[in-house]
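Note that the chains take the letters A, B, C and D in the order they are written out, and that residue 1 is the start of every chain.
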Amino acid sequence: MARLAWLIPLFPLASYGILAFRGRVLGERAPYVAIAAMAVSAVLAWGTFLEQVLGAPPFVWRAAWAVGGERVITVGYTVDSLSSITVAMITLVGGLIFVYSVGYMHGDPYYARFFAFLSLFCAGMLTMVLANSFLLMLIGWEVIGLCSYLLIGFYFRRRSANLAQMKAFLTTRVGDTLMLVGIMALFWQFGTVDYQTVFEAVHKGAEKASAAVRLGPWEIPVVTLTALLIFGGPIGKSGQFPLHVWLPDAMEGPTPVSALIHAATMVAAGVYLVGRAYPLFFFTPHHEALTWVAWVGTVTALMAGLIALAQDDIKRVLAYSTISQLGFMMAGLGVLGYTAGLFHLLTHAFFKALLFLAAGSVIHAVRTNNIKEMGGLWRSMPVTFWTFLAGFLALAGVFPFAGFWSKDEILLEAYHHDPAIYTLLTAAAFLTALYMSRLVAYAFFGRYRGPEHPEPDPWLPEDYARAGVHGPHHGHEAHRGPHESPPVMTVPLMVLAFFALVAGFVGIPGTGPEGGSWIHHFLKFEGFEEAGIHAPSFSWPLALRSLAVALAGIGVAWVVYGVRWVRSDQVRAWVGPLYPFLRNRMYIDTVYAWVFVRGGLALAAGLRWFDVHGVDGLVNLVGGVTVLVSRLHRLFDTYVVDGLVNLIGWLTRGLGMLLRPLQTGRAYHYILVAAAGLVIIVVVSLWRL
Amino acid sequence: MNAEALAFCALAAMVLVGGALVVYSRNLVHAAVSLVPTLLGVAGLYVLLHAEFVAAIQILIYVGAITVLILFVILLTEGATGLRVRQRNEQVPLALGVCGALVALLWVVLLRVPWGPAAGPLPPYNPGAVGRSFLMPYVLAFEVTSLVILASLVGAIVIARREE
Amino acid sequence: MGLGGLLSAVWQVELVRMVVLAAVVFTFLAVGGALFLVLAERKISAWIQARVGPKHVGPHGLLQTVADTLKLLYKENIVPHRADRVLFSIAPILVAVAALLDWVVIPFAPGWVVRDLNVGILYFAAVSSLTVIGILTGGWASNNKYSLLGGLRSAAQMVSYELPLAFSLLLVATLTGTLSTVRIVEAQPYPAYLYPSVAVAAVVFLVAATAEANRIPFDLPEAEAELVAGYFSEYTPMRFALFQLGEYGSLLASSALFTTLFLGGWKGPFPLPWLGPVGNGLVWFLLKTYAVVFFLMWVRWTYPRFRIDQLLGLSWKVLLPVSMMNLLVAGWLVVVVR
Amino acid sequence: MIGLPHYLVLSSLLFGMGLFGVLTRRNAVAILMGIELMLNAANLNFVAFTKFVDPTFVRGHVAALVIITLAACEAAVGLALIINAYRHLETVNVDQVNLLKG
């Protein structure tokens, strides 16, 4: 099965090819192509995964791609426990989202294009995961970035979508550039970008790896610098502070896109990369690269959790929640919790995709994103409600849902590694429970606060409305209040809800050998054993403490938003300026807008001023001089040059008059003359011999 | 006079008589049909020169394709090629003189050179030898020829098709 | 030099001798073959159309064609008014000779070949392309617009179908690495992975050969219904018979070449007793050849005629691309497997 | 014994005939036929030289084959041009095709 793994990204790629070139013809049938391709990939991916589960050895295939002297750049793929479980997750979640999109995007004029982009995205993601080298990974990575750009701006007539897509692209580009520099640094140091070779070299502490670079007053080991540069990519792609600003805006894309790309998979690419390149981070002196990772993750988790508290847009809350959870994963990886971070990556993919899809179902029904205009939906949309609730409980970390197990692992690792990080993450976990409860309370409980007949979807741009499309919900008939979505959308929700419940069970202690959990056994980092680091074992007090934190968060929210013993505006008054601070996303976007956007514009304006006055002035001066010279020149030209030219003309014409009869226009005359000429030449040369 | 000389004389006669007919015949169809013995005669000479492959190609392309094409065009443009149209232009005597002089000079030149006997045996299996020459030392000529074929194919189609 | 000198002369002279010999031998052979084929065609067509066919002359009408030939020999040769006498007479001879020259490279049995040329199949293609000149000039020389149309059609058709035919030959040459017919037979059977390519080439060859022989469904140059027999409308007995001889001769030659290239030539599935290698080869070869001939006759009496545009379209738009692709694929396979 | 000069004399005669045809014919198709004769003369020389002067690499054969190919191309394009000219001008005589003559 592992030998077939190279086929996994090819099917979505083929689907992309078909849809891109024949999509218009396929029309309504477009999703079948995409789903079929995804299904085949999923079968292959799960086969590969199960093979790994049953104990197959890791498999690496590589072939020379470019050969330059001694250096060979290889292309190939890696199948091991990490990549196989990740592709299994991607194909499963991706496939479900494809199915869901059939319903959600139905009636869209660019139906086929949507599935084409989704397919291309999956192809890139799977390539990135299965890659055997940083270079191939980078190719997949950039394809992902491109698809993200395309899909965020899928409603391309809408200005805000255009801005969001640019923002996403430019912001992640900052990280990508750093990563590219990092990969170049790797190539410079080791002469290869192949994972295995690089990691082995780092492990052995090759001479160059221990060299140091002077950077101002600090002396940074090269390997650390490289690791941190490469970490730039994940910071951008996985929405870590300070490059997280694009992710909330990316919610401009259609909801399945938010679910697939900005919750379950693409943002996971960064975390995956850190997991994949873990040796590079781990074998730095004192694991200092990992310390950076941990702190970036922790700050992100806490910051995003705080911001999420004050947002009203359902998708934005979920987006900040995603950022926060990604922070958790990074923090988990950073505190030597290799398994914990990646485990959370997998469980999070399921329940976050679920939450987004359920949110999409809600938006689909009430035609607004504002949670304050929803309410009481649990009655009218039972399936959506129950599945959303499952996702919520998983995210909040309530026993026995998936999030409980994975988040607890991270907290456990943090507890044993760095109490400060543990404290901050616990606070973030509390915030998670709090803002999610707030969301659930606003959206699903209380009474319905929206209009009786929901307006046409505000998310839809004008040209869609002109095309007679009334939102994603095709054949929209008059109905009272919101109602449940069609089965093609709810069935994927139910499947994901199932996984949100059970995906964490692989982390239950005792499911693996020696009393540990299965996931610890399956996903483990060999470097730990050598370094004598053992994963801390499950501890009941900590687990209970984290459960208590989650329940406390839910309880507080229940007090404020559920039974309303304390009214939310009172809370707002207590916290004073904190609320507007959080509501405006800690002013980070504002600062960026001032510094980078306006700064950039101001720089451009300055350069333009210089261009207009400085460069153009010079050019005009040169121009003036040129005009003066050319006037003089013209006089010379008119009388002297033209005179000569005319003279030659007259001479030529006279000569032509004389020679004209020779040109008959008959080819055979010319040939005769040529032949006669040949005869003469031969005669002359013979005579001279 | 041995058999080879006999064959050479027969073929040479065929070539020359055919060629003369091609040039002199007032009837263009006759001229075109006279190309057949000329070209077949040349093919026969190729066989005498151990160039069977060239001979086969000569028959296949010259006789089988080019002559047919020429005949075809003559028949299609019957209105302009019929017997009533004057077929010669005014420079016959001049041309006769020039051509005669040229041939005579060529003879003078080539009979002055002391041509030796045959330089050596040909490669025994010459389709293979020709193929190898085409793919190794003369690959550029081969590629350029293929380009010319492509260009003339396109050109012929574009020129000859009826304008819409 | 005497006759002995002639016999011991260099081989290329011997080749000329062989060609002459072949012309003499196969004139008789092909005349006999053509006689038989005309009868076979009449019998088979009758059988397909549920008729009896000729039956009065000789037992079961076996001597019908002989009688017809005798009749043709005794009838007057007429040259139409204002026809071109010379070309009118030469054309049928050219057609017949071209058809007969094909036989030089056909191997009947091990060692039974007039001349095993090292450019054998190329020679076959070259010589069979001479037929068209005869047809074209015959059509023109008759001074009849139907004949001329038939001749022009024939030229267009033959020039078009020579290409797919040549590609089929090229494919075989690619697979066997030789142009010699004898060595092609020896190289068979082909390896199994090449069967698809060979099958495609065989079909293309069969179609193109049918068109080259001007047979239904590609008999546009004759097309009795439209052109009142096309290029030989004006031909009277013996010259008409020569055209027929040419047509049946080339039919037989094409079938024989098909047998040689694709059906294993003289090789048989099992040896026959008492015959020895030559007899064996001869029997198998003739059996296969006449099976192909029968198949072509069957096709003739089953399918209607194409239109001229369909005919040319089939060649240029279907057969040519298919055979080109086929050649590419087969060449690739050969290189890869090697 | 037939040697190289025989072939050269023969081909020079053929060449002369072809040139004469080219020089004296009015009809474009006939001119083309003359050109074919000249090309054949050249080919004959090439093949003869191969046998008698330099048999390695069969260079003359290669040249002859290239020339035959080019002759086929030239015939195809030339005849297409002639047909087109005939369609427009109803003549194929080169001295009557003079649309561009001022």
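Just so we're on the same page, a residue touches a chain if its C-beta (ideal position, glycine included) is under 8 Å from a C-beta of that chain, and two chains touch if they have at least 3 such contacts.
What you are looking at is a predicted structure, and each value in this text was computed from that prediction instead of being measured.
Chain centres here are C-alpha means, and the one lying farthest from chain B is A.
Counting C-beta pairs in contact, the pair that comes out ahead of the other among B-C and A-B is B-C.
Centroid to centroid, with C-alpha atoms defining each point, chain B and chain C lie 27 Å apart. Inter-chain spacing, taken between the CA centroids of chain A and chain D, is 68 Å.
Touching two or more other chains at once are residues 666, 668, 672, 675 of chain A. Taken residue by residue, chain B touches two or more other chains at 2, 4, 48, 50, 53, 57, 65, 69, 72, 76, 89, 91, 95, 98-99, 102, 106, 126, whereas all remaining positions touch fewer.
Touching two or more other chains at once are residues 19, 23-25, 95 of chain D. Those residues of chain B lying in contact with chain D across their complex are 2, 4-5, 8, 12, 15-16, 19-20, 22-23, 28, 31-32, 35, 38-39, 42, 45-46, 48-51, 53-54, 57-58, 61-62, 65-66, 69-70, 72-74, 76-77, 79-81, 85-89, 91-92, 95-96, 98-100, 102-103, 106-107, 110-111, 115-123, 126, 129-130, 133-134, 137-138, 141-142, 145, 148-149, 151-153, 155-157, 159-160, 162. Taken together, the chain D residues at the contact with chain A in this complex read 19, 22-25, 31, 94-95, 98, 100-101. Chain contact summary for the complex, chain A toward chain B: residues 666, 668-669, 672, 675-676, 678-679, 682-683, 686. The part of chain D that touches chain B in the complex is made up of residues 1-10, 12-21, 23-27, 29-30, 32-34, 36-37, 40, 43-44, 47-48, 50-59, 61-62, 64-66, 68-77, 79-84, 86-87, 90-93, 95. Note for the complex: chain C touches chain B at residues 1, 5-6, 9-10, 12-13, 15-16, 84, 86-87, 90, 117-119, 122-123, 125-127, 129-130, 132-133, 136-137, 140-141, 148, 151-152, 155-156, 158-159, 162, 166, 179.
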